[in-house]
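Both complexes below contain chain A, partnered by chain B and then by chain C.
And now, the complex of A and B:
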């Protein structure tokens, strides 16, 4: 199939999923125990205040009407008003989304580079010492809770050995440019990336082992190509679609980690904002954060599907 | 010539039929790494059960004079936390909730997913609806959906468990659905239909035993991730509440004192890591011993391998 057509079809199929996401996020408010207005304003609120909030939130309308009104506002970029900060959620979130995307991009780069390197190092030497070491390393990485790894890295690398800054995105006293950002990003990005590196390395490795057992690899060897050439040219080429698809899946899992690393390293992104919203029980803000992340996840998966399609050697 | 050559090659040895249980038994017990993993988990389960008898101190008894003291303090092997509570005792008691929060949601999730996947594969219209709903749930990263649900339902162990169950259902349902779709096309199902066996009997008596293995294997491989997610929810203040001992909340409480007393956060986190690693190793071994591509090594003599 033509790549443009495939991309278009994939884009169209993401739309019902995204609409489903908005329905889930909208309905999640129904989970709040008791009277929503009461739980937002607290027990000290007067009847008039409660009634006013019910009207502004549309709580006195049938649920379908509530959803359509909410969805209509959403389409115009209005996710609601933060209860804690009394500002539009979208206005607060936009700069944070960028900060989170920067951190995610850094992590994703680490995941792809190291996941791939570990796989290429281990798969051609199946069952060798290197291979076993890589498998053991991925096992440990996959088992580390991200919040604990973050605390340990913060203590050892930032506090004790002073290799990296302890928190934030830029130096507060003299905010530098790009390199200051990178310096601040190394720790949170690596901590976020750890378990995803393990997943990518394992899946890519096992796919590559299968590829290297294919008859065409033997045929290439029989034609006199060097082993290194065979691995790099034919092995890697045919492993790429699997690598791209598992790498793309990590976008969502990385965000699960970003929530924790942003809290631990005080990175001013969506994750830290989500944590503050949880502590303040700021429901519109929680919904906004989740909505943003789920949308990024769906779009990320879409991009990775298209990349996989483009990389597949069987389809030009 | 070719016939003679064919006659001289020995006929391939017959591989005896074995039940799944046989493969689980041989595969897991024959694998030294899996044995160690199983021993670690068994040790932690025993520690959790017998915590009141083996813990040197009550989990919430505070000794303010000794607060923040490091491991090796007299009478406190693993040191004391920010309130002067014995970390070893809290670790032993904390194993109860940490294990429970990792295992129970997986069991409940499987109990819901197996019927959903089976019915979905059998009644295709229903299956289409179920799988579209699952597609939407898949659009949320696992940790995020759990955070959303737990945050809106309010903190607490029960709500955290519900959030984890809902988060797990799409994954397990997809596994069961895929397995059931394969089974649905098998000759034995066709035979049962030809004999006018009622649908429910085909599903429960014929297909269920063949589908449930996939769900069990998947559940075992996911426990490690659930332990981390549950501890993470408690870390965010959404699950277990202080002063209850649980490894995630212990790590979270220790975070504020990391620069003076790093052991408070380091020790429970290390315990989570060891537990998760043990579950992951055991899950991998279990999957290998039930995977048709790898399990033959368990019945073949080692020499014929590759």
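And now, the complex of A and C:
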């Protein structure tokens, strides 16, 4: 199928998924116990004041009506006003999305590079010492809880050996440029990437082992092609769709993962914002943050699908 | 919001975000970075919340009078003139005439005068006013509950009338955390709109607002034109950050990324000191209150409640559980608040006696119950450890309690709903330098579904005493009424307290001039660094 048509199809099919996402986000926040009017007006507000606010905000309406109103506003680009800050959610959230995307992009780069390198290093040397070492390493990486890894990395690399800064995205007093950003990003990006590197490396490795055992690889070898040539030309190429697919799946996963690393490293992104919003029970902000994370997940998977399609060697 | 303006907002957010990410300017020389436990709430004083937010708000905006927090120690801070140079209280105690300070301007140049005062009172209390803040009455009932009127007498004289005398009125004018009665530039409100104040907080205080990136930083800078030369800030600017994760906060201090932090973990104090950090600690009004469920099948008996009180080893709890950064507490009146008497005991630590009381109440073998608890917020530290400590103490006398932990928001909703069936005890930190908080804890007006008389202690006598305390003409009379109330509560035992936490800050070795008064908030004007 033509790539443009395929991409268009995937884009269209993402629409109902995204609508589903809005329903889930809206409903899940409704499940949070507590009275939003009470949150706004405070504990000393009278019952009349609370009731009046509920009516103004439409909180007394049936849930379907509330959803449709919220969705309608959302379609017009209005995701509400933060209860904690009385500023438009978009105004606060948009810079955070950028910050999280920057961190996610850094993590994804690490995932793709190291995941791929580890696979290429191990698969052609199946059951060798290198292979076993890679398998062991990925097992460890995949098993480390992000929170623990983050704090250990902070303690050793940032505090003890002073290689990296502890927190934030830039030096808060005299912000530097690009290199300051990279310097701040190394630790959180690596911590976020750790388990994804393991996943990508393992899946890619096992796919490549399968590929290298295919008859056409044997045939290529029999025709006298060098091992390195066979691995790079045929092995890698035929592993790419799997690699792209599993790598792409990490986009959403990493974006979800940065929620934790952002809290540890105080990275001013969607995750830290979500955490603050939950602490302040800032419902519109929570909805905004969850919506962003969910949308990135859906779009990430879509991009992954399209990339897989484009990389599939069977399409010539 | 219209579609066009939302899109514009989105675009603006994007551009601002990019601009901030790429080209934030370097800050002035003596810039002190202070990290606290959570990001800040709203900058509009009438709608601002949390004690951490008030640490900033009180430096940008001012009230008629202030608490002098430039002196440390454990004495209740003195009330000093601020935007009012002097004041008179009428003989019946119901009228406050403020003589306003002349020549003061807001940071935007708007003059401070009686019209500005009226504008702000309207904004906080008059629902008909164009710039009324809807959140204000619910948040600020504790200040304006007795208000009946206010009037511009002349350009620099402003009068506030109350329906009854209120011995604490002046002190309440200085406080914050749930709204703050502070003066905002009327011109700024007119120019930027009521909500625009969040981005343009313009007051008369010693610090001016510079910028805020929500969730990242809040920058305030010295107001060189401040009216009080003694409180012109020593530092050029202060950058405030919310770093919720305590380990990150501590590491950021030790690595020099921030200059001072609030509430390090008691377990880290030695490490911080070993790294050369200064630990500044002092009493605060924060007390840990225990609610006992007077409707519970076991705790409906006052003897059982008394037994619970006697079971708690408060001395050891302050010493070991809080590593000495707390003092044991008894009774409902908190240190740093009116009427506090360190010698008062509502019960003595007496496990034997507690067991005997339980047996007398018909529980020779004890009973099972539940404690609903919160992880807390702000400057709460290891509240689960507190719960486990109390669980152990209670078990020794036969009260076998399970613990259920809740996040802070859910917990306070539960407090409004009243303790659920099967829950015998619950606890949270509170306590203020005024007794306004007691109106929300011990009175019948705070019974569920209002917050937070959650143990259903229904005693109109308490309401009467608090009301009389408020109407007292002298501090002695006020203290007397509070003592009466405290003694009734001690006898009925629907509440007790177990420790009062110290405020703890950790500072880099080169930071000086930090003073800690016994209050939830601090004065940052003396702060500087080499």
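By definition in this document, the second predicted complex is superposed on the first by the 301 of 316 C-alpha atoms of A that agree within 3 Å, B and C clash if a C-alpha of one lies under 4 Å from a C-alpha of the other, contacts with A are read in each partner's own complex, and residues count from 1 in each chain.
In this text, contacts are C-beta pairs under 8 Å (C-beta built on N, C-alpha and C of every residue); 3 or more make two chains touch, one makes a residue touch a chain.
The structure presented is a predicted model; accordingly, all values stated were derived computationally and were not measured.
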item: Partner chain(s) touched by A:17 [first = chain B, second = chain C, both, neither]; value: first
item: Touched partner set for A:303, first chain B, second chain C, both or neither; value: neither
item: Per-residue touch tally on chain A - higher for chain B or for chain C; value: C
item: Which superposed partner A:25 touches (first chain B, second chain C, both, neither); value: first
item: Touching partner for A:101 - first (chain B), second (chain C), both, neither; value: neither
item: Touching partner for A:290 - first (chain B), second (chain C), both, neither; value: first
item: Partner chain(s) touched by A:40 [first = chain B, second = chain C, both, neither]; value: second
item: Which of chain B and chain C A:264 touches, first, second, both or neither; value: both
item: Contacts of A:145 with chain B and chain C, given as first, second, both or neither; value: first
item: Which of chain B and chain C A:86 touches, first, second, both or neither; value: second
item: Where chain A meets both chain C and chain B, residue numbers; value: 33, 151, 154-155, 159, 263-264, 275, 278-279
item: Contacting residues of chain B [partner chain A, same complex]; value: 132-133, 135-137, 139-144, 147-149, 151-154, 224, 228, 231-232, 235-238, 248, 251-252, 254-255, 258-259, 262, 265-266, 269-270, 272-273, 276-277, 280-281
item: Chain A residues touching chain B - in the complex, by the definition given at the top; value: 16-18, 20-21, 23-25, 28-29, 31-33, 139-140, 142-148, 151-152, 154-155, 159, 252-253, 255-257, 259-260, 263-264, 274-275, 277-279, 283, 286-287, 290, 293-294, 297-298
item: Partner chain C, residues of chain A touching it in the complex; value: 33-35, 38-46, 49, 53, 73, 76-78, 82, 84-88, 90-99, 102, 151, 154-155, 158-159, 162, 165-170, 172-175, 177, 181, 263-266, 268, 272-273, 275-276, 278-281
item: In the complex, chain C residues that touch chain A; value: 1-3, 6-7, 9-10, 12-14, 16-18, 20-22, 24-27, 31, 33, 38-39, 41-42, 44, 47, 49, 134-135, 137-142, 178-179, 195, 198-199, 213-217, 239, 241-245, 247-248, 251-252, 254-255, 257-258, 377, 407-410, 412-413, 416, 440, 450-452
